[in-house]
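I have placed the structure first, in the form of structure tokens, so that the comments after it can refer back to it.
Letters A, B, C and D mark the chains as written, and numbering starts fresh at 1 in each.
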């Protein structure tokens, strides 16, 4: 098994975060759900990785897997997760718990349900801080107010005692970020941080996250189904489909030279402010696969417009994640590289950019 | 808040009014339709040897000849403003809330009810503590060890528990613990707590367990379901992501949210119970409000029937109100308006 | 401590004595002379006789009785008990066995003196008898007591003997309606003399004078229905604490003078009466010695019955007294086809008497199979069996079928039977009828009615029980003597003139003009022997008409509390004599 | 959460996906139900109970004695013990259990307890089923109306439910049975009683059904297909019958199944309190399990007498509960608890 690392990673050095063939499977009554099925990537501090995919592609599960929220009782995990030289999959639950919130923190989608409705925003931030820092409640409270101020909440000394439902959507997301930042984590995972927000607020939150990442010099993973968000923030982009990585490369590569038909589809459905609604959306046909009954061969083949060009391989053989080009760009596709590049250049790209 | 309470109180009064009217009609109006006359009503309360004239005089005295609405009006008037009671050689003032005097024993109903309340109250108190603690504990453990042997055993047991009629378990308990082993009281002769706490508990232990068993089983099921729901909530995931220990996650985040609906059901159940645990009280001949109610119905003692029904409905309505107010305290999202 | 004692004792009666002695309540220290307990030892003789005074006699009952007011009570147990705090003009002699049937003067100096051919009865009160407050008791207090007891609008419980027999003015209202009300039917020429004037001659007026209504009540202390909260004592004990429905305690009445009272021993210092205990609990406490008397006197519960019968040590503390009470079934001659005597006879013959007995709990708890109406302990009882139900008492199918044929219903008929729904024994009786009569083709539909309405609305109301649509051909019934004499037992159930359209009467089926005449004859008869013979004749005559199917003469298996002295069954009540018991010192 | 797949997407055309979705809800539910051993056991027991009730005369003719027949022989009952049956079996002292009397004898009258239990299933199941039907009809009608129309109608119906829930129902049921006339609606005797019990039990349980149906209707009302129907000009009744009802069948079915055991318990409680069906006519057994328990309560020293009727109730209720729980899980996997 070759290591799959970030295109910008110096192979001689140990990366800050590295996943090696991570698998997270859930046994259920209806069968084994392979949510994450052999995921590998790496990330340095100060850099941002965007993980992109439809819902059910395994992107959220992998991030929760990094945080160690799954354990032996409800999931089977294999592979390796290295965080700053420490392996997490084999580490004790308590060890991982000690890292959670302190060295790695998460910003969840839909902060209304992600924050406890019965506790004030302040109390929840204070709680997060005091788990890992033995300080008095008073000190923690001051810290919470500072954090709220830093994420741009007006009158933080008053709002600290409000309940989540008393905040607006954007404010709640800011508070959520404040909570995640409470222990200055080195790894920050944001799961769909802007999905529940309207467009103008989205932009504010993305700005905020960029600023904060710069300030804290943390590694940031942004999980989203929206390539637009990735384009704004990410250094690297990883596209997931059916629990597997299907394309991985620098943001520039992925946006300029995407090689996987699914990525093309994602790009096609990316909203752009410079185009009219009806023209810019090229939705991917069909629905994401069931993670119990992943289609044999290439998981994407039922939806792939170019499946016939693989000579039948699409239904029988699972394609490997292979390097393409020179810049560490990897793709999991049976189509020959030149065919892919040709299709991109001749059929897809003009379609996306041109005014049809 | 204040307007909310006022509004709810008015609503509660309306419900009580409807209940009282329905009770009155069922016990007084319906028999009239079925052919009962004022004299036949009176005949229940005068001695066996009373002749027609005495029956008439008694019917007159109790006002059975008046139109039904007048009789009802008199009853409800007494509740609010009190009434006078002629005991033969003089008149006694019955202060509001006056539920009148028993047609058979001439005892003021209100005093009778207050007499029985400690019995039912003791039963409800002991049983509810037992079932709340055991039910919630079993439910939480089951939810946390979902699918484990404990979970399956506990849930099978709980399903069996809710399927057991309390009079059956009560009787079996009486047979084994009282008759065979002689370790508990045969049936329950109530001893006030203040008189002798040990005797109080000794007499009530079987009724407590009988009543608690049924409810503990139901609460275990509620709690487990609630815990499974809340443990799957996003905020629990958040709590874990903060690095909180599993104990804190379960109790402070999971249980806290799961308990809220349990508290609601608990409040309603206790309210319902305070009106009398008819089946448990009958099984153990425990002379509480439920037993009193059955007795009053059997003897057709109208003021007692009205009194005990209103008492029971009152507790349900008040419990409802308290539960709603409590909900607002427990759940900051709930606004009373 | 007490519980442990009770529990152990309840389990093994052999240890019970020792345990009770060791951890009992402290006031029953070992007795100097052990009396060997025996089954039925208190039935005809005094068990453990003693004159030792002191101690508290502990009594209990599972459900309350009507009232402790002597003017407002109709329960045998209450009449038995109230002699502790009230003295009527005349009383049954507190003695064991049949001696208790004898009437002896109590408040009066002697039994009543009849004049005017039995229409006027005069009593002289003993001198020096006082109320608990020291006020001398006068004949006016007795008169007032009788007058108030007749006001059935206020004091609803009880009998109407005085209302029915006293020669009251038509305008008489009673003391509750009119404080100044007076009647010439009762005269008090002086403070010691009271004279009753009757409408008709009545030889047995002394029985009326025995009624608790003659227990004196001071007019100024009377509070109508609330008088029961503080009854003014004339007997050796007075009320200490009274809690309605929960119980009361009695303490010695300092103004009671034993010199004026030859009948009462007044042994205990106090009585503690608890109401509303669990019935099974009462049995257990009696067995363990925590309790002395079950006031109800109806015997142990089904739970304790086999235990007591099987365990000789327990059985030695039991008695099986007969109560002057008949459980029977009225056969309604107003409902077809029972209007035909042959059809009634068929029922009489067909009924399995042993299953009737079983329904009431068998020989010990239920009673003896009855063959006529009057129980054997009523003076004048003559054994008869007009309709023998076969050799084994299980019903005579042959004779029943013959009667059915004579009735013109050889294949049987359908009939409805009423019973009091809350009474399991009556329900069992009705089911037994279904079973037994089905054998000869009589199809019985049984129907339960609420106890409270049974006599006032259904079985007791002619318009209901005789109606062609709702008619009740058979009705369970029971009757206990107000006192042990033909009149006291029979008059209310065989005299057709007590039947009222308004309902409520206990006579559901006996309408025989000849019997009514015989009753009048018996009433006027002053010769006791002749009178008793007349009552026996009435009994037989009613039986011949086949309108009453006698079931059982009631018996009860009762327990003597441990550590009780001077215990005996008073036949007048069919219960232990509550007046004479003492507590072992 | 991990299994969530969006099944409502309209463009589902691919083969493997279709294979899963093509199966009807009923088929899926049946597949799930078949896997649920507890539910299947419950279902089998329910079927056996129904067969037992239907073929009671055959079973009793084969294994027992006519249900009302007395057996008072001194060889069977012991008069010296107040009529208790002779013979012990395991811990059933004085039960008279033998090959001839499988469940022993009733004390005093010696009826065959086995036959009575078998016949008791008839009354119990008949009343439980029909009363459930009454609840379902009233409850779902009012529930749909309240949920669909909302506003004032909803307020009135919801208030009505509140009032019903504040009533001491058992008391009212007892009272209503108590004032029962001899004949009405062309019925008399036990038929009238059974009809009345069905009505009362069904009538008092409707608010629970209505609440569930109302909630479901409220959420359905917001769904697209209802909007779609409405935009196409469909009217209220049409939408209710054609669009909503099919979607309400599953929850109604589940809660009806769960209501049956509640009604079995309710009927048994009324019989236990002495207001249930009575044995009225020879040859027409009016025996009920609750009634047997009431008789047993007075003889609680002979355990077989309460054990068998109690177990009959318990097994019946448990079987329905198991089956109902399984059905709910099968039809609504999200509520798996």
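As a working rule, a residue touches a chain if its C-beta (ideal position, glycine included) is under 8 Å from a C-beta of that chain, and two chains touch if they have at least 3 such contacts.
These are the chains along with the protein names UniProt gives them: A = Dipeptide/oligopeptide/nickel ABC transporter ATP-binding protein; B = ABC transporter permease; C = Peptide ABC transporter substrate-binding protein; D = Peptide ABC transporter permease.
Given the structure is predicted, the values throughout are model-derived calculations rather than measurements.
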Comparison of B-D and C-D (more C-beta pairs in contact): B-D
Chain whose averaged C-alpha position falls nearest the assembly-wide average: B
Interchain centroid distance [CA atoms averaged], subunit C/subunit D, Å: 47
Distance between the centres, which are taken as Cα means, of subunit D and subunit B, whole angstrom: 24
For subunit A paired with subunit D, centre-to-centre distance based on mean C-alpha positions, whole Å: 52
Approximate Å spacing (C-alpha centroids) for the pair subunit B, subunit C: 38
Shared-contact residues (touching 2 or more other chains) in subunit B: 179
Multi-partner residues of subunit D (each touching 2 or more other chains): 178, 300-301
Touching two or more other chains - residues of subunit C: 303, 422, 450
For the subunit B and subunit A complex, residues of the former touching the latter: 233-235, 237-245, 253, 256-257, 330-333
Subunit D residues within the subunit C interface of the complex: 68-70, 72, 77, 79-84, 94, 107-109, 178, 182-183, 189, 274, 278-283, 295, 298-301
Parts of subunit D lying in touch with subunit B, wherever the complex brings them together: 1, 38, 162-163, 165-168, 170-172, 174-176, 178-179, 181, 261, 265, 268-269, 272-273, 290, 293, 296-297, 300-301, 303, 306-307, 309-310, 313-314, 317-318, 321-322, 325, 335, 337
Interface residues, subunit B side, partner subunit D - complex: 15-16, 18-19, 22-23, 26-27, 30-31, 34-35, 156, 159-160, 162-165, 167-169, 171-172, 174-175, 179, 221, 224-225, 228, 232, 275-276, 278-279, 282-283, 293-294, 297, 305, 308-309, 312-313, 316-317, 320
In the complex, subunit C residues that touch subunit D: 302-303, 305-307, 309-310, 352, 354-355, 358-359, 361-365, 421-422, 424, 428, 431-432, 434-435, 438, 443-448, 450, 469-470
